[in-house]
Amino acid sequence: MDLIIINLIDGLIYGLLLFMLSSGLTLIFSMMGVLNLSHAAFYMLGAYFAYQISTITGFWVGLIVAPLIVTVLGAGVERYGLRRVHQYGHVPELIFTFGLFFVIEELVQYVWGRNMVPYNSPESLNFIALNLAGGTIPAYKIFMLLVSVAIFVTLYYVLARTRIGMIIQAALSYPKTVEALGHNVPLVFMGVFGVGTGLAGLAGVIAGPSLTTFPGMAFLLGSIVFVCVVVGGLGSLTGAFVASLLIGWLQTFAASYNIGAGDILLAMGYEYPKDVYYHPWRDLWTLTLPQIGPILPYLLLVLVLVFRPHGLFGKRES
Amino acid sequence: MKILKKLIGMALAAGVFISSGAFADTVKIAFIDPLSGPFATTGSNGLAEWKFAVEKLVNEKGGVLGGKKMEVVALDNKMDGKESLVQVQVAIDQGIRFIAQGNSSGIANAITDMVKKHNKRNPDKRVIFINYSAVDPALTNDKCNFWHFRFDANADIKMDAITDVIAGVPSIKKMYLIGQDYSFGKAVAAAAEKYLAQKTSIEIVGNELHPIGKVKDFTPYARKILASGADAVITGNWGADMVNLGKSLSESGYKGPVYCYYCASNGITATFGEAGKGMLHLVGEGLQNPSRPALTAYHKAFKAKYPKWDLSQPRIINAAQMLAAAINKAGTADDMVAVGKALEGMEFYSEILDTKVLMRAKDHQAIQNVHVGIHTNDDIDIDFDNSGYGIKVFKTVEMASMDSPTTCKMKRP
Amino acid sequence: MVAEALKLDNVTKSFSGTEIIRGLNLGINENERHAVIGPNGAGKSTAYNLITGRYEVTSGKIFLKGQDITNLQPYEVKRKGLSRSFQITNIFPKMSVFENVRCSLLWAMDYKYSFWHLVGKQKALNESAEKIIEDLNLKERRDTLAGVLSYAEQRALEIGITIAGGSEVILLDEPTAGMSVSETEYIVGLIRKVTEGKTLVVVEHDMGVVFDLADRISVLVYGEIIATGTPIEVKENKAVQEAYLGAALEEEH
Amino acid sequence: MPSQTTSTISFSSLVPWLIAALVLCVMPFIFTGGGSITIMNQIGITIVLAMSYNMLLGQGGMLSFGHAVYMGLGGFVAVHVMNIVENQEIWLPLPLLPLVGGLVGLGFATIIGSFSTRKAGTVFAMISLGIGELIAACCIIITVFFGGEEGISGDRTMAPPTFGVEFITQKEVYFLIAFWVLISTFLMYLFTQTPVGKMANAVRDNPERAEFVGYSMRWVRYVSFCAAGFFAGIAGALFAINFEILTEQNLNLGASFTVLLATYIGGVGFFLGPIVGAILFTLLQTVIGLQTDLWALYTGVVFILMVMFMPAGLTGLFAMHIIPWQLGRIGMLIKPYSKIFIPGTIFIVGAVCLTELINHVRHHGDEEFMTLFWVEFNTRSIVPWGVFIIFTAVGFWFSRALAVEVKEAWGNATFVEGVRR
């Protein structure tokens, strides 16, 4: 029981981290109709910038400055790259963001090398915050949780309660009308792309010390974030939120319980093969849940796309 | 089309021209490991160690065959199986007869397979495969062949040493095995099960594999390990999988030792820093601390030339010297059968590493001293990642697994 | 009773609760040229989209030559013998004029999803395509990419693609919208020529064109047909005049 | 029923193919240098894969992130078949093995395509990504079939000899690959000339309109998808024959990304594009890869620049010049082109050298000297820095100034009254 609670908390922290990435991605998608395949690369940039800043000024300055740099970079990418490619259509846009991912990944290795970098949580958060079921939750994880929640609340507030939020929401559905009303829609686009990537950057800043800052971190998390937004329904913030938590828990629980296919087969009355290594079904007999845990989201992705192409919360395409 | 052809011609010619280098009459070793991409540091580090060993220990001491220089030709395999085979073929086409590779047992397996076939099909252009780092036991067991020589201690031998240490720690009652889901990870788990049962009465409370390079957050694994009540963990993880596992364990309140194969250098030592102190127990050949004069001198010279890299794969020192010795003994660098016969069964004493090395004839597995050490910053003569932290040896198993059995049925030419 | 070429039976369509088409009844006789007119926003294009399967109807039935085609997919509707053109030019921009026309002929000539015929070797197919291009007066533009044609040429090609399908019932959506007088003349002549012996339904704003072309006219206002008849009958219909005048007055405000 | 074919394929239309066959035949005798046959074999395999990929992306408008899956699966089965043949359980000469691979690729494409082709665009791309991840993961888990991380290996020489050839040498394998490259390319070309091939273009251009001329876009995509799977399977079997081993790396996301990069750089809008892309990319990877560890960065930058400024790829760049050629105005371009060539080259060389120098100092700083373009110099000295910075800056300045002239000349060379471009 205690393990379940602690897993719930771990899954929540991880899920909220995913949401920080997927919320930015969703904002960008619903705004511009582009699935930004390079999104996770900005997440990685956030972590590396923060690392670089932290070596000079310490963690807290990096927490503020690094996401801002990423925001500016993201806005620049929209202004000078994506806007240009936009005219060629959707598939070239996807390909552009894909290429961008590739280049950023290479650039990070070019600048910071190919090893992991020692980006660590600040001393002030290096204590144990909670003792649960014989396990501990470090203060830094609680800090991650609080930042994620703060972001979620702010985002919700901005979109639902402020004038800018209204303009953005309107521009989502009726870009031409909003433009006719005198709002600078390209500027809004640039801003949204910047803020979206900035959110990814912030996620990188706070995830870097916990999940290790290394050149493969973008690739590792990248496709999972697409799963979140697609499963949640492209363009739906609520969907992204639900799917992020769902996947956070799915992965946490799948990794936590060593349920083996062999046990299930035994329960079903099959006999354990004598020399399992040479058995044609050896892989089935030895398969465990943690082994397939990390690919469960992809299975979910394919199933959702096949049976509900607009995702769990997405709007049906007209 | 014509222009294109010309361009290709030029490109091919340029590629071959450049990489064949200026020295015509040297004995070349093709170093095939990742030099670009995410795994490039391991490869580049290994390359520096090879270059330095060949220069310092062979060429400066008069070369081979009465004055011929040895040369390391670097070829990038991008940590990709296909690319490795292409590079082996390119090396062979350039007349190189020695292939050195180490990163990834999967790739080593592909290369040894290719070398076997190539040597059968082209008896006049045979090559020898110097495996300096891939430790999947299968390579010197079921999949062994005459052309493959392994200079690192394989996963079984290392586990033999680890379990020797563990058997001497009475407080360890419960053990958790966790590893990456591929041949090496499975080999580690199998060896651990075998030796723990042989030598101790320790209960294995968990034995699991996770997908390699796919786990984002190891926290749930750490929770599970804690919940199982394990006193110690054995893992074959490397790279980010190693770091993330270790970090999650220490964050979750785990206090016991983690016995590991690849938890040092390449940024890992620096990233762990204080958090890994007393937790990480590394097994390996030729560990550094406490150092010996010969090693200190060699290390100093190495660091002077390559300040960024570590002497993290000391077996390369043995491999370079033993290969040179074998070539001299055979009196040829062209007849691979003769070189191979000279190398198998060779006994060698390394002053730098203070170990005897025996290239066992029956399976071409090098037998040497294997050490277990801990990650610390106390009494460190030779550190990793220039971090002040290093591995301090507390247990040495001399000529580890000297008489271990092998399933190798080698066909000799 | 002879089945009508196209028949809409009490068709309705709502978008998120708002009824755009309110009980549409329309009967088009075989081989007639039938014009549908009405003020902007009356639901003409929506009606087309309902007939051709682009939208699903909310209720009601649509029949093509007596067969029920309600809510079929666009390609199924086409296969049953109904082609349409679009108000906003809808061609294959990155293919040549010739390829545009030839692609539109493929299904009609029964090639289906064949990957064993080489289109270049199909004599009848290529001759038909050439013939249509000649009819369209686009011979000189045969190998030009459709995307770079002039507007009038693209409109002509649009009609060419529509009639190449070989359907007996053809729906044209504002074929002369945005054209100069001479271009309009060219298109009208074209329509006359290529729809010979077919059933034609045309939505059009240019009353000159409508009265020139149509045998009968239906007037669609706010999702309902308020009058159907010969041009003269419609012209004199009170309700029609009111609707048009009313709309014109409203626009002035 | 469709009307009958009027004539068989005429001789004149076969001429380019005969030339291609001839070129393929003489290539191994021209490039005899070390390693060139190895590289050519690899290029051949990449050509088949890239062309099959282009059936999706270029001709069908489907962006796939999982195309390597079909190649990999075809290859895995081919290796297993090779092993079965070795055990003499079935009789199959090696040159027919690609057909087996093709059928496997076709089979899997038939299954997966049945649900993945329902939508194009982002949905299709995401399904392909998911499927790619799933099958790559299965590759590691299902060791009985895929052999885990080590993969499955076989021995091609154990098949019954074909006309006395046992495919021992690289050259023999080269001819086998060349034969299949030619056959596959020819068949893929023919496919573009069939009704469904033409409709694939139409669906790519305007799926909605395609539905209104009677074609279900889903079915058109499905047929293309299956055909692409078939040829990818052939590429997989060729890979199996050449390398005699298949691993997870053959069908993971990385492999799929590679084929996307190669195809796009060559140019997706043209039949020949993927061929150019495959050749160029393989050379970049193997030849430039020998020279610098930054090859992937260069590839990425070239790729991004392509997407932004030359969406038609390299082939598109050549194809653009057909118009001034037809107008007889290609001469107008020679002068501005040659003028920009020099500063352009200086800029590129300067930028590359600067990049390499920084990289060297940052990551290989332990070695004082480095060699670039056959010149060795001291990285600690200010001279190379100065030279490279000046090269880059000057080259960039003049290229920019001259670009205006090129643009103008281009405008003049392609100007035709009344045609929008």
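Chains here go by letter, A, B, C and D, matching the order in which they are written, and residues are numbered from 1 within each.
Everything below uses one rule, namely that a contact is a pair of C-beta atoms (placed from the backbone, for glycine too) under 8 Å apart; a residue touches a chain by one contact, two chains touch by 3 or more.
All values derive from a computational prediction rather than experimental measurement.
When the partners of chain A are compared with those of chain B, the chains appearing in both lists are D. In this view the innermost chain, defined by its CA centroid being closest to the centroid of all protein CA atoms, is D. With centres taken as mean Cα positions, chain C sits 73 Å from chain B. Chain centres here are Cα means. That of chain B falls 35 Å from that of chain D. Centre-to-centre separation between chain C and chain D, using Cα means, comes to 43 Å. Centre-to-centre separation between chain A and chain C, using Cα means, comes to 48 Å. Chain B has residues 37, 40, 181, 211, 214 in contact with two or more other chains.
Multi-chain contact residues of chain C, defined as those touching 2 or more other chains: none present. Shown for chain D are the residues that touch two or more other chains, namely 137, 141, 294, 296, 363.
Pairs of chains in mutual contact: A-B, A-D, B-D, C-D. The part of chain C that touches chain D in the complex is made up of residues 52, 54, 73-75, 78-79, 83-84, 86, 90-95, 99, 102-104, 106-125, 144, 148, 150, 161, 164-165. Residues of chain D touching chain B in their complex: 23, 30-31, 33-39, 42, 137, 140-141, 148-151, 153, 155, 157, 168-170, 239, 243-245, 247, 249-250, 254, 276, 279, 283, 285-287, 289-291, 293-296, 363-367, 374. Residues 1, 4-5, 8-9, 11-16, 18-20, 35-37, 40, 44, 48, 75-76, 78, 80-83, 85-86, 89-90, 93-95, 105-106, 109-110, 113-114, 117, 121, 181-183, 186, 211-212, 214, 305-309 of chain B touch chain D in their complex.
The touching residues of chain D, when paired with chain C in their complex, are 1-3, 5-7, 9, 190-191, 193-199, 201-202, 204-206, 208-216, 219-220, 223, 227, 269, 418-421. By the touch rule above, chain A contacts chain D in their complex via residues 35, 81, 84-85, 88, 90-92, 94-96, 98-100, 102-103, 105-107, 109-111, 113, 223, 226-227, 230, 234, 280-283, 287, 291-292, 294-295, 298-299, 301-302, 305-306, 309.
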